[in-house]
Amino acid sequence: MHDTAASRDSVSLALAGSGGAGVMTAGNLLLEAAALAGYCAIMTRTSGPQIRGGEAAAMLRIATFPTDGQDDRVDVLAAIDWQNVQRFAAELPLAAGSVILGDPEQGQVPEVFARSGAQQAQVPLRKLAKGIADGWPNMVALGVLAGLVGLPAEALERALRRSMKKKGLEAGLAAAKLGMAQAAGLPSYALRPAQPRAGQWLVTGNEAAGYGALHAGVRFVAAYPITPATELLEWLPPAIVKVGGAMVQAEDELASINMILGASYGGVPSLTATSGPGLALMTESIGLGVAAEIPIVVVDVMRTGPSTGIATKAEQADLNIALYGMHGDAPHVVLAPNSLADCANATAWAVQIAESLQVPAIVLSDQYFGQARGVVEAPVLPQTIFPRNRATGSDTYKRYAITESGVSPMAIPGTRGTTYTADGLEHNERGLPSSQAADHLAQVEKRARKLAQFDPGEDWATVEGEGDTAILTFGSCTGPAREALARARADGAQARLVSVRLLSPAQPERLKRALQGVKRVLVVEQNHGGQFLRYLRADCELQCETHSLRRPGPLPFRPAEILAALGRLRRRAA
Amino acid sequence: MNAPLQAAPLTAKEFKSDYKPVWCPGCGDYSVLAAVTKALANLALRPENVAVVSGIGCSSRIPAYTSCYGFHGVHGRSLPAATGLKVARPDLTVLVASGDGDGYSIGGNHFLHACRRNIDLTYIVMDNHVYGMTKGQPSPTTEPDWSSKLAPGGTGLREFHPLVIALASGANFIARAFSGDPNGTAALIEQAVRHPGFSFVEVLSPCVTFRPEQRAWKERARPAPVGPTDDPARAARRLMTDDGFNIGVLYQGKRAPYGVPVAAKHAAPESLAAGFALKEVGA
Amino acid sequence: MTRKRPQPKGAYADFMARAYAMELEAVERYAQFAEQLDSHNNRDVAEMFRKLSKVEALHAKRILEEMGWPSVPALPVAFAWETPEAPETAPFESLHYLMQPWHALEIALQCEVQAQRYFEEIAAGKAPKQVREAAAEMAEEEREHVKLIRDWMKKVPKPPADWDRDPDPPRMSE
């Protein structure tokens, strides 16, 4: 299908080049211009292993409808130069309808892209830039791309004025204008016009998670730098100080998890953020949070594993360690945001649950959400900060009193008459060490009861649509799954989407209701072993025909793959 | 007159809980417990304003034996837990209790960084040169030729020198105490608490079960011949050359304790969303 | 709540406050020893330390009565013993979980001897007369205790050479 002028609802662009070419700067400006013009947009990035000077690509999707997933293919691949860009071939799928824009000075389009059948066009980026004092090729490329997708020149100018320093602004504006003029002679990928909307955010998932945490009352953060969670840690220091909190950079993850346990024991809601290797180091101490009933939140921005894996790419393979990584019976909370904006809601919710149940909560974000920058509807967060169940002075204070709900009042240091020792050793109701079978049983049951009795309401999952076929997924697979279902519906097929946000405690009854009348489910997840599928089988007793669509990272699912899998399911059923 | 009644300082006994220690009779840690409670009484503190944080091991059992707020965490991580607590709650007096295994082996890295960070904590390490809770294995401070089941004939490894490490890493107060002198130990702990920043008190605390020969430490421990210095170079020479039995304050630095940036006025979290909003600059 | 503590004034009151502190520390230490041995299932010796604690408590009480102090006196400023602890306080390291009553008495004997010497030195020193007289009186009392404990030791069995033998190895607890 060939798009006519201004008929598109979505376009995917990639701008590649070597370090120093400024592809990320141009990508960010394009994202802002799209946002200011009223489009939804998301930008992800890929780069070589070099810290400076390596090949890189900014990948944008701009759409008239809300989405934070990737489309099936890249419509426009523009390169400032082609050095090693072929390494990104798998991440930049092209097709016959795509166009490849190159600078004739930079030589041939690499074979791996050329053989896609995409149309090729040339724009002398460098030469054009040279014609402007202080002109840069990336700014010319920015103008070309903005022109190709039909962004209003005024939106592009506003984006540049908003983000560029005074020095270079005039040259940037001139270069962008020149680039935009070049677009006229190129194939059009123009989007339907959009109306600027109020209440939109331009944010990364990592920033959104940090915001959600502070909004929900987190006032202490300790963390150790790790890709791809670092942006969250870098966003926090000025922000947490503004709201009256404090942050410490720890010497390692063993330290950061114990720092937040100490701070939360002191009565201050606390959080750390990490990725798989850090989570692995933290698990022993998360168990301490379970045993001593200290609320903490750990945001795991998942990357490809095991070991160091691919630090800059997403995978949903930390589900097992998040759910089952701890020794002993260690009931705790595991949540997964299912959109970029949901990184804020899910993290805020994690803080609330942790504080109300006095339990550790793990938030499974991933590199895709964490490092993608997107235009999103500003999330609506709960206005009240959940108050921890605090103890007041008493002569007979029992920190770990057996209660019906399993939650017992927690004394905060400084309170007279309620001193106790928070202990990772098994203990009795008073908190004194005990190796008695009866105390162990009572405390194990108490800790399990807190979670078993927790009522998550409707927030446990996002449930959409009708029909006897359902996609069951979580996290960043939700966007492409939703888009696949929308296409299926457009073809007249009905199907449901169940995207689980609360993974632990598992909600088998709610899942059963959500799947009422469903005959077939397709479980979609981004890992090799089918961790989500196994979890569903073990903890949720799926009672319908179950199919699995899974593959490891780092490539994100694209809607067409999921749609094809749904099609296979239907054909088998027919 | 509405002036609040001034409560008399509590006695050392009032800083003890009614929970009884599991330590072997004769253990130096009993004496350290007595010294800690005495120091807290002398400092005229109240148990609810003191937190005692520990890891795992014989020494780390101390928190529950006090009437203070206690935190008995995982092995080796007492310093990070105490760091988080003190940063989040600077109003509390935070003591950290550890041993040579918990503090110098599994928790060694945190020791370095706690010294560097110089947060206002008092770190009391009960050093008996052996792992007691796991039945007598060599620790980082064990003599190289001390034979045990796990290291028959000895480890052959040179001993870790905690005081020198503390100095090199930036600790602001370094003292050595001996459990055979509970009053002296109490006085050193008291000084350590009063000294701003990270204060390190290494207490020689014999293990009568696995190292009964340490009863002879009594004959070797003696007051340090000279008073504390504030010159790290001099302190380094003294610490490198002493035989490990000089008791007293050995270094007293002047480094300002770690300060976390604090906002004069707290903003509402919603105000942070301004950074994400799609508004023009100046609009 | 306030608690009034008598502030000793003058050399005699200081001396008596010190003597009181000495007795009180001994009371507390023996009580702690009793608890330690209770926790280690050595009931006989725990009982012996409880008795010793009571004896010292009587002494302490007598000082309070003599001075007419309603409660624990504050200690003189810059108060310190010349020994690591008060002369009558048994060191923590003197215990053993398998110790026998005879050992407890041996510890007590050493403490009483030290206390006796402490008072004798003051009595023979340059303190004011009232203090020297009181110290002499207390030294005499301690001498009696030394004799009492020596007699007591004759009545309890002397431990065999292998009293600290334990056929089982120590246990691991964590």
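Just so it is clear, A, B and C label the chains in written order, and each chain counts residues from 1 on its own.
The rule is simple: a contact is a pair of C-beta atoms (placed from the backbone, for glycine too) under 8 Å apart; a residue touches a chain by one contact, two chains touch by 3 or more.
What you are looking at is a predicted structure, and each value in this text was computed from that prediction instead of being measured.
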item	value
Pairwise touch network: line, ring, star, complete, or other	line
Chain nearest the overall Cα centroid	B
Chain A and chain B: spacing of chain centres that average the CA atoms, whole Å	41
Between chain A and chain C, centroid-to-centroid distance (C-alpha), Å	68
Interchain centroid distance [CA atoms averaged], chain B/chain C, Å	30
Overlap residues in chain C, where contacts from two or more other chains coincide	174
Where chain B touches two or more other chains, by residue	none
In chain A, residues with contacts to at least two other chains	425
Residues of chain C touching chain B in the complex	1-3, 5, 28, 32-33, 35-40, 42, 72, 80-81, 84-85, 91-97, 99, 169-174
Residues of chain B touching chain C in the complex	5-8, 11, 13, 20-28, 30-31, 34, 56-57, 133-136, 179-184, 206, 208-210, 215, 218
Complex contacts: residues of chain A adjacent to chain B	35-36, 158, 161-162, 200-203, 207-208, 211, 214-215, 219-220, 222, 237, 239, 241-244, 246-248, 250-252, 254-268, 270, 284-285, 287-288, 292, 375, 378, 411, 413-425, 431-433
Of all residues in chain B, those that touch chain A in their complex	19, 46-49, 51, 53, 63-64, 67-74, 76-77, 79-89, 91-92, 109-110, 112-113, 260-263, 266-273, 275-278, 280-281
